[in-house]
């Protein structure tokens, strides 16, 4: 059993808005092991992005980490000061964002923006960093003509190349943990495959742990060692990728997989009901209004996480 | 209709209601906007009630009491020919408010129509309108009003015309850019495909979406037109004496700044308050109409 | 791609507008009530004298010929002769122009040096004391009648405290009050726009990326917030040129500052039509030129603009 690099314990992240309190992440506990790829799946609003931001300490008012711990290499990140967190952010834990169009600053060259990582953590001058380190990284992420491209502005690059720049920013300092938040969602399908394989390659080359967030289960199956499923701010299932996909336990996971499987002859399977409100989530188990197997118990009592040989499920179906 | 669609429609209706309530709540919560409303109501009330208030005749002069400083019996003092400044200020309210309102109505309606046509139809008519707008926009608003006044002459109606016309170019630009944005939305294309006539589409689909920014702009413009009209009055190009227009009062009284500053202080103060209230309300409207979500907690320490 | 080409294309674009202004002024002046010839000759002059003056001014020729005369003399830089002074309009303008420029530059400097930092602070810390001050400043700036402010400042500093001069332009001290007055007008907008664009820039996604790199907050604010916010700020400064010129007219009147604004106001009183016309054309032309400069600055700050312009030229 390899060692844990990240341990999230009972994390709660709430947003205090005029309309009410949005419980974006509500009591989530998750572990990430050294060198593994953990996929996190869920619809929009499930809390997966909030979770990622919380790990990096990027939650700002009106959002607050209300409770829980995030333990990274023995240190509780939630207790760190801004300055201490800044040293970790970008160097030990880094993020690759999803939209290369808005997440890159249009007035600086791509090389500059990657070099900033070295300026912040290695005390290098931007100009030097661009020439030495960044060109190498661009070569690693397979950007053609890297020594020229470092001087290109984001709008002068194609979508796929911009995403590679974002990836470069993430891997620049060889972090222990890389969080990729839907890195392929805004790309063309053809480029998606390329980027995906690039990410896989780099991850194994560098040997870093990775959290890969996506709403696409198929993608996660390709890339992850383990998969975690989130719904309405709660964790519903965790397990080895193969197990979760081939033998889903939680009704939500089952429904998700079913919606991928249809053929022309059958009706398009949808998950009945509407996405839950995060201000007033359904009582008891949050999935119960849309669950085929719901019982009265599900309406009243929230299920607890249960471990069933190497898998974790949060559902009354599995005893208790 | 199945369960899911029903739920979605219900949610949408709720959202609509909540949106309206939220907008009002946001507006109310904005202290500035409330202050602005109160101030403006005060001034409007002043203008409306003026005929029945116990004031001296604003035109009656009394050279013996020239430049009398403010006192308990004469709150704002008297001007250089002995007229009661308080009653002149109260009387002047209707001119400033009237000019502001009428010129904005004039400018916005013409500007809106031209902007809608220019943006929706495009082509050569758009080109012509844009070229003319360019020329008009190359004059600062005050300068444009001055130019117009030098052509039309002075006086109340001419001020309203001049100031109103000088606001048209900005309205055209604003409306046109909004129309261009809305034009590419799907519901417009849908209406076109169905075969609805252009005027119908413009009025029914485009106009409602263009209205809110135009209203916010108009509120700001009412503040600005008061300043410009009073500015013209100050320069002697506006409403002519002895009519008690606030700007003209400042212009006439400025030579006495060294001995009797009260002559210019009070009219100017009222111009300031009125313009301020419009700006506050404009800010409040703009914030209230902003679809972005508002925050409950303002200061949170992490 | 090329800043140079962008400049040229902007200049060319401005020509039709300039032409429009000239035509507009021509029409406006012809529309003016009153007979310029009689005005010059005086009320007692005989009909023949007035007729002679009319001949001299070319007012008898058909309209299109008058326009051609007008246009060609404009090209020569001849804006006609002032009725009141008898000297060429262009001379009168040029004599006063440096004063207005001085006033404009000093005022803009005040406004920017105070306004931009206030705007930045109020964006970052909206509920702090500085934040509230900035909101107040921007509100005052956009609601204040400058002529009133000017007079109030005179009452305070020249009359009560007697430390600053109120009229004229003899010493460097003379520029302080006028510049402060004009600056307040400008500051209002600058603070507001700086605050709004800083907020927007700080909420943009690339700021999240910058933070995720572990950059210090100062670097994030300046490099990724302000730099991007500069784009709308420069735009607003460009738009403000109008208020600057308009405000100059009023400010110069209050403080008897001998610039073109004061000249314009005086000339309106004297019904000195050639002068009025000349000044307005001059103002408008300067305004257009300044806008072009702002556009160029804009292209320098935002690399994306250069690209699209170049592509447009290539008809891609």
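For reference, chains read A, B and C in written order, and residue numbers begin at 1 within each chain.
In this section, a contact is a pair of C-beta atoms (placed from the backbone, for glycine too) under 8 Å apart; a residue touches a chain by one contact, two chains touch by 3 or more.
Only a predicted model underlies this, so the values are computations on that prediction, with no experimental measurement involved.
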item	value
Most distant chain from chain B by Cα centroid	A
Highest-count interface - the chain pair sharing the most C-beta contacts	B-C
Distance from chain C to chain B - Cα centre to Cα centre, in angstrom	22
Where chain A and chain C are represented by their mean Cα positions, the distance between them in whole Å	52
Geometric centre distance via CA averages, chain B-chain A, whole Å	49
Multi-partner residues of chain A (at least 2 other chains)	none
Interface hub residues of chain B, defined as touching at least two other chains	299
Residues of chain C whose C-beta touches two or more other chains	none
Touching residues on chain C, where the partner in the complex is chain A	204-206, 208-217, 219, 223-224, 227-228, 301-304, 307
In the complex, chain A residues that touch chain C	56, 58, 82, 86-91, 94-95, 97, 99, 102-108, 113, 116-117, 120-121, 153, 155-156, 166, 169
Residues on chain B engaged by chain C in the complex (per definition of touch)	32, 131-132, 134-135, 138-143, 146-147, 150-151, 153, 223, 227, 230-231, 234-237, 247, 250-251, 254, 257-258, 261, 264-265, 267-269, 271-272, 275-276, 278-280, 283, 298-299
Contact footprint of chain A on chain B as seen in their complex	3-4, 7-8, 11, 18, 22, 25-26, 293-297, 299-300, 302
Contacting residues of chain A [partner chain B, same complex]	16-19, 61-62, 64-65, 270, 272-274
